[in-house]
Structure formats: structure tokens, C-alpha cells
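Next up: some structures, all given as C-alpha cells.
Next come two complexes built around chain A: one with chain B, the other with chain C.
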Partner chain A sequence: MKISQKITRKLITLALIVILSAIFAATTSSFLKLINIQEILRVAAYTGIICVGVSFVLISGGIDLSSGGIICFTGIICCRLAVLGLPWPLVVLAAVVVGAACGFLNGWLITRFYLNDFITTLATGFVFSGFGLLAIAKEPSGTVMSQTIRNRGFLMLGKHVGGFYYIVIAWVVLTLIAWFVQTRTRYGLHTCATGSNAKSSEMSGVNVRRMKVMNFTICGACCAIGAAFTVAYQQTAYLSLGSGMGFDAVAACVVGGVMLGGGKGDAIGAFLGAVFMTIVTNGMRKYGLDTSWQYVFEGAVILIAIMSDAGFAVVSARRLKAISEKNANEEALMEAQKGGGAQ
Partner chain B sequence: MSEELILRTENICKSFNGIQVLKNVNLEIRKGEIHALMGENGAGKSTIIKIITGVYTKDDGEIYIDGQHVVIDNRHDAAEAGISVIYQELSLVPELTVTENIFLGHEIMKRGLPDKKEMRRQVQALIDRYGFLLRPDEVVATMGMAQRQMCEILKALSTEAKLLIMDEPTTSLSASETEQLFVTMEGLREKGTSILYISHRLEEIYRVTDRLTIMRNGEVVGVVDSRTVQADTVTAMMIGHELEKTGVRVPNVNHDHCIEVKDLSLGNLLHNVSFKAYGGEILGIGGLVGSGRTELVSCIYGAVKNYKGSITLDGKPVSRSVAKNIRAGFGMVPEDRRTEGFFPQLSILRNIVISSYDRLSSLGFVRAGAESGHAEKAIADYDVRPAMKKLPLQNLSGGNQQKVILARWLSRDVDVLILDEPTVGVDVGVKAELYVYMRRLADKGAIIIMVSSDLAELTEVSDRVLVLHGGTFFQEFRDHKATQQAVLLASSGVAAKEGEVL
Partner chain C sequence: MKKFRKILALVLVTLLAVALMAGCSNDGGSSADTKTAAKTKPVIDINNGAACKMAYIPMGAGQEDFPVILKGMQEAIALYPNITLDTYDAGFNPSNQINLLNECITQGVNVIFINSMDATALNSTIAKAEEAGIVVISINNGCSGVHTAHIQNTTYDAGYKAAEYLSSKVGAGAKTVILDVAAELKPTCTMGQGFEDYATKTGAFEILEDYAQSITSIEVGYQAASEVLTKYKDVQVLYCVNDNTAIGAAQAVEAAGRQNDGIIIWGYSGTPAALDAIAQGKILGTSYSDPFYEGYAAMVTAMNYVQLGVSSHNMGNEFFANVLLPTKNVTSENVIETIRGTHWDMSAYNY
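The block that comes next holds the complex of A and B.
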């Protein structure tokens, strides 16, 4: 049976997840415990929801490193509003609106002033974290005050039902919606086309600037959703919320086969990438390796992922070259026959 | 031998993928002459230059410099032999001064530091010797294009170049800058430097060169004295004998359905261009590369928006948004399909349907069945091979890629189709097919505008030809009256007798 490259890439990630899980399960006593699996899923869901948003930006050929800043800012907003006693749908809505506005700002800056998205989102990430610091509750003396959320409705978001945290359910739902949008709607296909070749897209009638702005906006909104669930789970928000997530989410997407530079990948790949990265981190911790080694392994995983993608490209290029050569030969033959017929 | 030769090539041959692009090319350039090289696109001019300068390696033949047999395997060998190329895209670093640029990479060192004084002295000596209007300490970014070119030439001379190769050096120069360059070239000739000059512009060939070598289909077809030769003779040699006309199509022109361009101006490129393109007719637009042809059609399509003037379709203004124009029935096959036309990693299917989601989706949801049906029909109708709709487009041959892009528009029955160099890199068989599809669309009453540098294509396929020169229409050829020679002359600014001047 012929399986498309898209599916092969996902099966490989899935197989690696299974193999790695089996190794960790066999060599550590606590990996396979229900509570650990719940924890893995919860952590993966946090990264995964961000990855959903980041995958949109990556597929459209951009990159967003400001997710950490947006998470910090919107998380702190959630905390403040929840402490005020607002009902949870309003709190989440407010966070999503602010997150989307942050994303929109990214997209607008990049398309309006023709900026490089890497540097722009790196810069706005700092700005958004700064907004977080401005928004956080402070003592009259100016020092940061830690607030504990007692808003029952909001805290519900951090709980679980039937063993599944709500954030995990949200993650799965968001991933499926994103996957559908990316592969089955005009919007998603225009996003993919923009990432594949922006100039061609423009000449084909795709509004490239609008696509870019929209995708950054979606990414900002996803960050806010991830932040809301995480703040509800931790019952408070703090300044380091979301730090490092900008890079982690991009890395997880890349591991899941979403190509940097655009045009390839989808939310399912990003989902698998998030699971994989979380399992690696969790397993390392089970081995008792300290953080430095975790970093080394995470970095190595990303390198291996992009190297294998490059290898993938070489192999498939060879295979397809063979097809097109065969095709060219047939054409030449036809040409010769035509010429022969005319004489 | 009466004259001393600086460069002589003997029976140079070169093939790419089994296709012979150079056949026994013998080129002779004398000491202290400005020698022109002309030929149509694809005649082999740039290939022979690239062999002489070591970019390509020859399959067969010999190169002699100053009577000495030399082996040129890479650019370094060429520089060693005294051959220097002045690139169109200048290779100067704008932030550095003239002196710094000239010695970039081979600075004169003194106690581990660059010896600025000595380098400056040497540059000044060079400037004095050749009488250039340059100052050694001037920063390149502050200089005009002509001065930059002089600096580039100076850089070549500093490495003791005996032969300078200039490939269309005047394309980015204004008239007075061009004249300045010619004076510089004449100065160099007096000092004994030889120049190989490549240009499409006949008036420049007359103005500055001594002899002219003409190439066609990879062969040298003649060497003439460029001061006395007739323009007709040159163009006849470039084209070869006229090709037989293959079945002239009688267009059914609908004068009520037309695109009218009125007083269109765009920066320095286009000045008050006005014309009409009618339904049922294939309108060809000729002119040299860089004459503004591509920009003109991009304005009509809405891809270039900052033009002055008006463009109307049946009396209604044409939008400056590509997306709106596509919905109104426009389509465009851009000049460079790689950068503007296709999506390399995406499938044939996606490449075909990308502009048709207005029909293939409801409320933003793609109807998968309609999408693949549309693509399958287009693949069959326009004979895309291989007929594998999931195959990434980058794996198709050039001709089939072009068919896919044409199918993108033809499959949605466009009303206005703009084609910019539609058959570049397309082999002969596919070319003929593309023409059939274009004619079929014209027979249905659509407006077709085709820009082309391929003279045979322009004169055979178009029902009417307009030639751009100097940013405006120079000449119009109606009712298939365009001949390759007349179009070529008009492109270089020489009016032919037959056509009607606008």
C-alpha cells in the first residue's frame, strides 16, 4: 500500500513516542503510573495548545517567538480578573481577546513595515512580558504580590473529569478543529500556499498580508487559552509564566513535521510533537537527570528531527526525480514518434 | 596574421543533457578593439562567455590568449589569463571607498596592517593613467551608476586585465551615463585594452564597437565590420531564414469586448502607454527585456498598483486588486513561474485549484469532491503528465509545470488571460500544445495578451503585435503583418517600413 509522505512522517513520530514510552516504562517504576500519565498529558496539553497556534504561523511561512510573552500577559490578566470574581467565561474571553490583539499586533507590524518575523516577535515577546509586569498585582510599595485565586468557577478549568484534565480535552478539540481548518477549508489552503510561495500566492489571488495577520492573531488567541487553563491549574499567575515557551512550541512543531519556512505540516503533527517532547522531558526527570542534561537531550531531539526531515526530502526528491525522468523519456519518445509520423 | 589577437577560441563545443548548445564556436578578438557579440536569447552568447570566464567547462575546443594556449577550468584561471567580467549587478561593496573596493581580498599589507597609503597611491596612478573621473577616497554608495561601473572597470584593470567582458552594461544607465561609459571604453581602447561587448541595442553597437560577431543556435554565423553593416543584415543573420507560417488563424474579433489602457505611466519605465486589447484576439507585446513589458501587464492584472492612468474592461475600471480581478475573470501566467507562478511543494491538484476556491468551497469549507473533480478534469483536458494529482509540482518537467499553471486559468474559463513569456523553458512539443489551448480560448471570445521575447512565437501566434521601446509603444503590426525582422528592429528602436507607426 502506498502511504503518503505526510502520513509516514506522523507514523514515525508516533512510533518514536511508543518506543520511547516503552523504554521509560520498562526502566523506571513510576513512568507508567496513572498519575504520571495524567501529568504528561496535562503538560503536553499546555505546550500543545500553544503549538496549535504556532503551527498556523509556521505553515504560513512565519515564525512566532512571542508566545511566551503573550502567555505571561494573558495569564496575569486571567488571574486579576478571576480574583475580582468575574465568571470564568468572561475571564477566558477577555484573555482570548487580549491574546488575539497581541497576535494581531505582531502580524500588523510585520506586514505593515515589512519586518522580519523572527526579530519582531522576539522583541514583542519582551514587550508583552513587560505588559504582564505592569498588569500584575502589586503591594502599595510596588513589590509584586502573589494572589491566590479562590474563584470556584474559574478554578474548575484546572480540574479533571473522568481522569482527563479539562486542558487535555481542550487541546484535543482545538487540534481537531485546527487540523480541519488547515486541510479542509479555503483559509487553511491559502495559509499553506502562502507558506509555500508568497509571491505565487499573491499572483493567484490570495491576500497574503491578511493571511499572515490572521495566523498571528490565531496564535495569540491560542496562547491565551493555554494560559487560562494553566493559571487555573496553578491557582495563581506569576511573572515567569510562559517563559521559554516561545522556543519550546516552535521546537515541538518542528519535531512533529511542521516545516520551518512554511508550506508543510499540520496541527496533528504539532500535537504529536508536543507529546513527544513532553515524554522526553518527563522520562529524563524519572531517570533523575538534572536540568542541564534535559536541555542537551531536548536540543539533540530537535536536531535529529530537522536532520531526518532533510534526509526525507533528499530521499523523496530522488524517488520523484526518477518518476519525472521516466516521464520525460516517455515524452521524448512520443515526440520522436510524432516526428516520424510527419516525415 | 595581420592583426594581433588577444583572444582566439577554436571549435568550442558544449552540451547540456545531450543538447548541443555550442557548435564549433570560433571567436577572435583583436588587441585594442571593442568587439560586439549579438544573438537572440538562447543563441549561446552567455554560454560562450561563461566558458571563457571559467564558469562552465567546455566539452571540446581550445582557447588561446595572446597566442598562448591556455586552460581555463575556473574563474581563477580566467583572471590569471587576464580576462575580467564587468557584471551587470555590480560586485562592489557600497559602504567601502573606491580604493577599499579595488583591493578587497588582496590588500597590500605592511606589518600585519593594510597599507592604506600605498593602496591609495596605486589607485590614484590607475585613475590618472586611464583618465577616469573618480576619487580614490569616495564611498561607492554616494556615486552614480556610471561611476560605479568605472570603479568596477578600474578594479578589473588593477588586476592587469587584457580583455574586459561587458554584458549589457547599459541596462541600468541613463542616456548621459551611457555616453560617459562609451567615452571610457574608447579611452581603454586607445590604451590597448580589448573589450567584448554584449548588447541587444543596435544603436550602441554602431556607436562604440569595431567589429561584430553574430551567433545563432549555438554557432557563429558571421563576423562583420560593425561601422558599415546594415541593420537588416544583422537581424537577418540573427534570425536566419524566415520560418514558414503555420496556418494563420482568422480571429473573430469582438470590438465591443475590450480592455482599454489609457495614458498609463509607471515611474521611469512606462510613459503614457495607450492601447486596446479585444475579445477573440491574441495580442502580442514585444520589446526588449527591461522595456517595461512585464510591468505593463502586471498593471493590468493588478499586481502592480502604483501606476498612473486608467485601465478599463468594457468601460468599467479594472481593480488594482489581484483577488478582485480573478473573480472578475482575469488570469495570469507570470514570467518567472518558479518565483511567481507555482507552489513547489504543493501537489498538482492544489496548484490547479488555488485560484478557484471561490467555486470549489462553500462558506469557506472546501468541497473535496468538487476540488478533485475540477483538478482531474483539468489534468485530462490539458494533458498534464504524469497525471498524478498528488505529485508535488516541483517534480514535473518545465513544460508540464507550465501546463499546470495554464490549466489553473483555463479550467475556470477565464475571460482575460495575460501570458508573460509563456513558453520559456518549454520544449517544442508542449509549446505547440500551449498555442492550441491559447487559440481555443481566443476562439471562445476571451481577451488574450501575450508578452514574448521569442520572435517566432510573437509573430506566429499573435493576431496583432505591439512593440514597446523606450517606455512607450513604438510600432503596431496588424493582421499578422509582423515579421521577426521588423519586430526585432522595432524593439531596438528602428522603425520598419511596412508596419504602421502609432
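The block that comes next holds the complex of A and C.
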């Protein structure tokens, strides 16, 4: 039975997750505890939901570093609205609309003014964090006020059912929907084509600009969903909410096989990437190592994962080259045979 | 028949109650003993070699006073090889602190020390830790939710005392800018508020602006002070709520060529660089505290609580102990004496 390249890539990440988990389980006493597994899933779900959105942007050949800013802004909006006592569907809906609007702005700026994704989203990230500072509750003196959310309906989003946090359930559902859209629909095909070769896609009738704007919008909405669940869990929002998340989500996607240049990967890969990154961080903490060594080992493990990915890409490229050469030789031989037959 | 049912129900209820009581008491004690046993958790006898696991979560490994606080903690447990103390780096991110708190719960530590990044964000996780029987002690930057104990320098008093001292050095209504901490830390780092309250009460200072900065570094202090010097040409006092900002402000004054304008700069903390700057006459003074004693006090408090088996959770979440440590004004008059007695590492300076 032949296993496709896509599946092999995921199996590699899965194997790495299993190997690492086995090592941590064998060498630490608390890794396999139920409470730890719940915690791994909760943390992975936060990164994972952002990864779902970021995977759309990455596959279409872009990059979004403004996720942290969007999480901060939408998280603060959730907090303010929840404190006002609004029902949770309205709070989440408002956050998603604002998040999507932020994403739309990113996409619009990039496609309308032909700006570089990296710099543009880095800049808009600051803008969104600034909006967060504007939106956060303040005392009359201008001092930022720490608000504790007591809206029971909204706080339910931060709880768990049957041992699974609601954020984990949302993550799994979102991943499955995104995977379906990315691999089984025309939209996914166009996204992938945009990332593989934007010019060719445009010539083939794909509205590349619209695809990009849509994908950034989806990314913004996912950030808002992640923010809503996290704010519900933490029962408050603060200005550094989401800081560093832009890079973390991109890193998790890449570890999961989503190609930085675009055209390859899907939400399942991003899912595995988020799990992998969380397990590395969680496991390393259990050794009681000095912080500097924790960082060194964490970085090294991620490097190994990326290197194995690169190695796999080289092997695949060689295999593809060999196959295409073989096909070319066969075609040449057939041509020659045809020519001989005609004579 | 009805009567029989009633008697049967009564017997069953009595049996159930007896069974429950027998199940709850492990030594056949009275119901009063059972009640006490349910309220208190087992005492950790650290003096007889009982293992005790502690964790310290600073804001980040780069937190300047972290090594000195840690030194104080380690000194307090020097005679207790059975007490282990692990440290974690939260990278100055409240979300990471929440994850690390969860990690400590998972590992089943007995005590958590924390320099909180946000007064509110950690509350639910700290409550979860306390519910798991962990003694949570916050140091300096507290949390608004109830936890077992809070150890803090008197930030408000430090600001107030500094203002009191400075008022004797400048004329009434001295034009002042407060270079304050990040907005989210203001609720717990109240030195700026102490300064402002003294100014309002006495009219000794005219506060031109309370300038909050997201990061407290020399570079940020430099930028903020440069901006302030441009904006307010007649500023007389730069009250900085931490030493790095004060040092940055001193550099900005020098860069602007205004070192002879008599602009007074004051800091908070008493870091080695600030003590050196005071000795060099670059800043007028600082509200000094030795973080070693914060660490020491926190550890001693923790050792008491684990031995007594008391935490805010089993006290009904209604009370937490507040331990305030004093600060003192350090100026050129007492800086050398302070340097000789400090636990900060002054090896980079020649004193």
C-alpha cells in the first residue's frame, strides 16, 4: 500500500510526538497524570486555534505576525462585554466580528497596496495592541483597571466537560472544519494554488487578492475565538495577552508541515504542530532544569523536528526528480520506438 | 404497613449515617475529631526530614531582583536538604505564569512563590492551586485574589517618603513628572500613587504628567525622559518608580546637556547600578530595599505554613497574611554604608 507524501509528513510529526511523550512519561513522574494531559491539551488548544487561522494564511503564501495584537484587542473586548453582563454568544460574536475585521484590514492593506506580509502584519500587530490599550478599562486617573469577569455564562467557556476543556472541543471541531475546507473544497484548492504560484493561479482564473483577504479574515476570526476561550479561563484580559503568539503559531504550523513559502500543509498538520510544541515545553519543565538549559533543549528539539522535515523534503524532491527522469526516459524511449516503427 | 415503612426508613437512615461516620474517621475518633481532620491538611514535618517541594515563579528570569530574592530563599533553607526549590521562567507573560502554576499543581508541589505579572489574571489558577492544598505566597507584585500570604516592600510608603524627602530639596510646587510602571502593574506597584498623594496633600509638587511605560529598562527610561525633557522644558523633578528608568533618565538629561539645570532624579529599588549612580552623583537617590530579605521572609513564612498545615484555602479563603518590609531613602549621604551591607552583587563596581 502506498502512503502519500502528505500522510508520511504527518506520520513523522506524530512519531515525534509519541517518542517525546514516551521519553517524558518514562523519565518524569507527572507527565502521564490526567491533570497534566488536560493541561497539555488546554495549552495546545489555545495555540492550535490560532494555528488553524495561521495555516490558511501560510498555505496561501502569506504570513501573519499580528495574531498577538488581535488576541490582545479581541480579548479585551470580550472582557469588557462580559463584565457588562452580555450573554456569551453575543460576546463571542462581537469578538469574532472585530477579529475578522482586523484580519480583513491586514489582507486589504497587503493586497491593495502590494505590501510585504511580514512587515505589514508586524506593524498592524502593534496597531491592534494599541486598540487594546484604548479599549481596556481604566480608572478616571487613566490607570488601567484589572477587571474580574463574573459573567457565569461567559465563564463557562473556560470550564471543562467530561475532562475536556471547551477550548479543546472547539479546537478539534475547528481543525476538522478547516481540514475539510482546505482539502476537500474549491476554496482550499484555490488557497493552495495561490500559495504554490500566485501568477499561474491568477492566469487560471483564481482571484488571488480575494483569496488572500479571505484567509487573513479567517485568521483574525480564529484569533478572536482563541482569545474568547482564554479570557474566559483566566477570567480577565490584560495588555500582554497574546504576546509572542504570532511567532508561536507560525512555528507550530511549520513544525506540523505547513510550508512557509505556501502551497503545502493543512490544519491537521498545524494541529500536530501545536501538540508537539506544547509537549516539548511541558515535558522540559518537569526536569527542574536551569531555565537557560530548558530554552536550549526546547530550541534543539524544535530544530530537530524542522531538520527532519527538511530532510524529508529533500528525499521527496529526489524521489520526485527520479520519477520524472524515469518518465522522461520512458517517453523518449517510446518516441524512439515510434520513430523506428514509422521508418 | 405504613408504620413499618417509616421504621425501615429510619433504620436505613441511621445505618447510612453510622456508615458515613465510620468511613470518614480513620481511627475511630469522635465526630468532633473528624470535623477537625477534614478542615486541616496533614502537617509537613520538615524538621524531621519530611520532603517538601517548593517552586518559585518570578516574572521572568531577567527580573533584576530575582537572583537576590532566590539567594534569600536558599539561605533560609540551607539547613533543610529535604526542601527542594525549583525556579521557572515565565518570560514576563501572565499566560506563561498561568501555565507554570498549572505545571506546579500537576507536579504536586507544596509551596509556590510568585512575582505576579498581573493583579487579576492569575487569581483563578492561584485559587485552583490553593484548592489543591498548595500554599501560594506572592512577592512584591501581588494578586487581588485570596492566597496564603503576600510579602511586599512598602511601595506606597516608599513613594510617600521619597516625596517627603524631595520636598525638602526643592521649592513648593516643583514641576514633576512621574515615570511610572506599566499600566497593568499600577494597582500593586503604588509608589507613584504615594508620591502623588503627598503632592496633592502638601502642594509641594506640581505633577505635570504620570507617564506609564510598558517596559522598565534603561533604554525605555532614556526614551521616556528624552520625550519629557522636550515636552516640559521647566521640569524640575523626575520621579521614577524603578531604578532602570532613573538611570535612563539620568542619561537622557546628560545627552540633552541639561546636567547643570538641577533636575532631580529619584528611583526605586536600590539596584547596584542605581547605588553606583547615586555615589557618582548622577541621580539624587532611591527608595532602597534589599530583595534578599523578601526571599528570606517569604521562605520563613512558607516554612511556618507548611508545618502548621495552614493555607488560605483551609482557612476558608477569607484571609491572607500580609507581610510588609520597609524601604529607606538612600542618597549620597548613606550610599556607601548601604553598598557595604547590601546583598545585591556589587562585584562589578569598585567599592
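Keep this in mind: the second predicted complex is superposed on the first by the 329 of 343 C-alpha atoms of A that agree within 3 Å, B and C clash if a C-alpha of one lies under 4 Å from a C-alpha of the other, contacts with A are read in each partner's own complex, and residues count from 1 in each chain.
Note that contacts are C-beta pairs under 8 Å (C-beta built on N, C-alpha and C of every residue); 3 or more make two chains touch, one makes a residue touch a chain.
Quantities reported herein were computed from a predicted structural model and do not represent experimental measurements.
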Check whether A:Y238 is in contact with chain B, with chain C, with both or with neither, and answer first, second, both or neither.
-> second
Name the contact category of A:M203: first (chain B only), second (chain C only), both, or neither.
-> first
For A:A193, select first, second, both or neither according to whether it touches chain B, chain C, the two together, or no partner.
-> first
Who does A:S308 touch here: chain B (first), chain C (second), both, or neither?
-> neither
Chain A touches which residues of chain C in the complex?
-> 61, 84, 86-89, 91-95, 98-100, 102-103, 105-108, 117-125, 144, 182-184, 186-187, 210, 212, 214
Within their complex, state which residues of chain A touch chain B.
-> 4, 184-187, 189-190, 192-193, 196-197, 199-207, 263-264, 317, 320-321, 323-324, 327-328, 330-331, 334-335, 338
In the complex, chain B touches chain A at residues 301, 303, 322-323, 325-327, 332, 334, 339-346, 350, 354-355, 357, 361, 364-366, 368, 385-386, 388, 390-392, 394-397, 399-400, 408, 427-430
Okay, in this complex, where on chain A does chain C touch?
-> 30, 33, 35-36, 39, 42-43, 46, 133, 136, 138, 141-148, 158, 230, 233-236, 238-244, 281-282, 285-286, 288, 291-292, 294-295
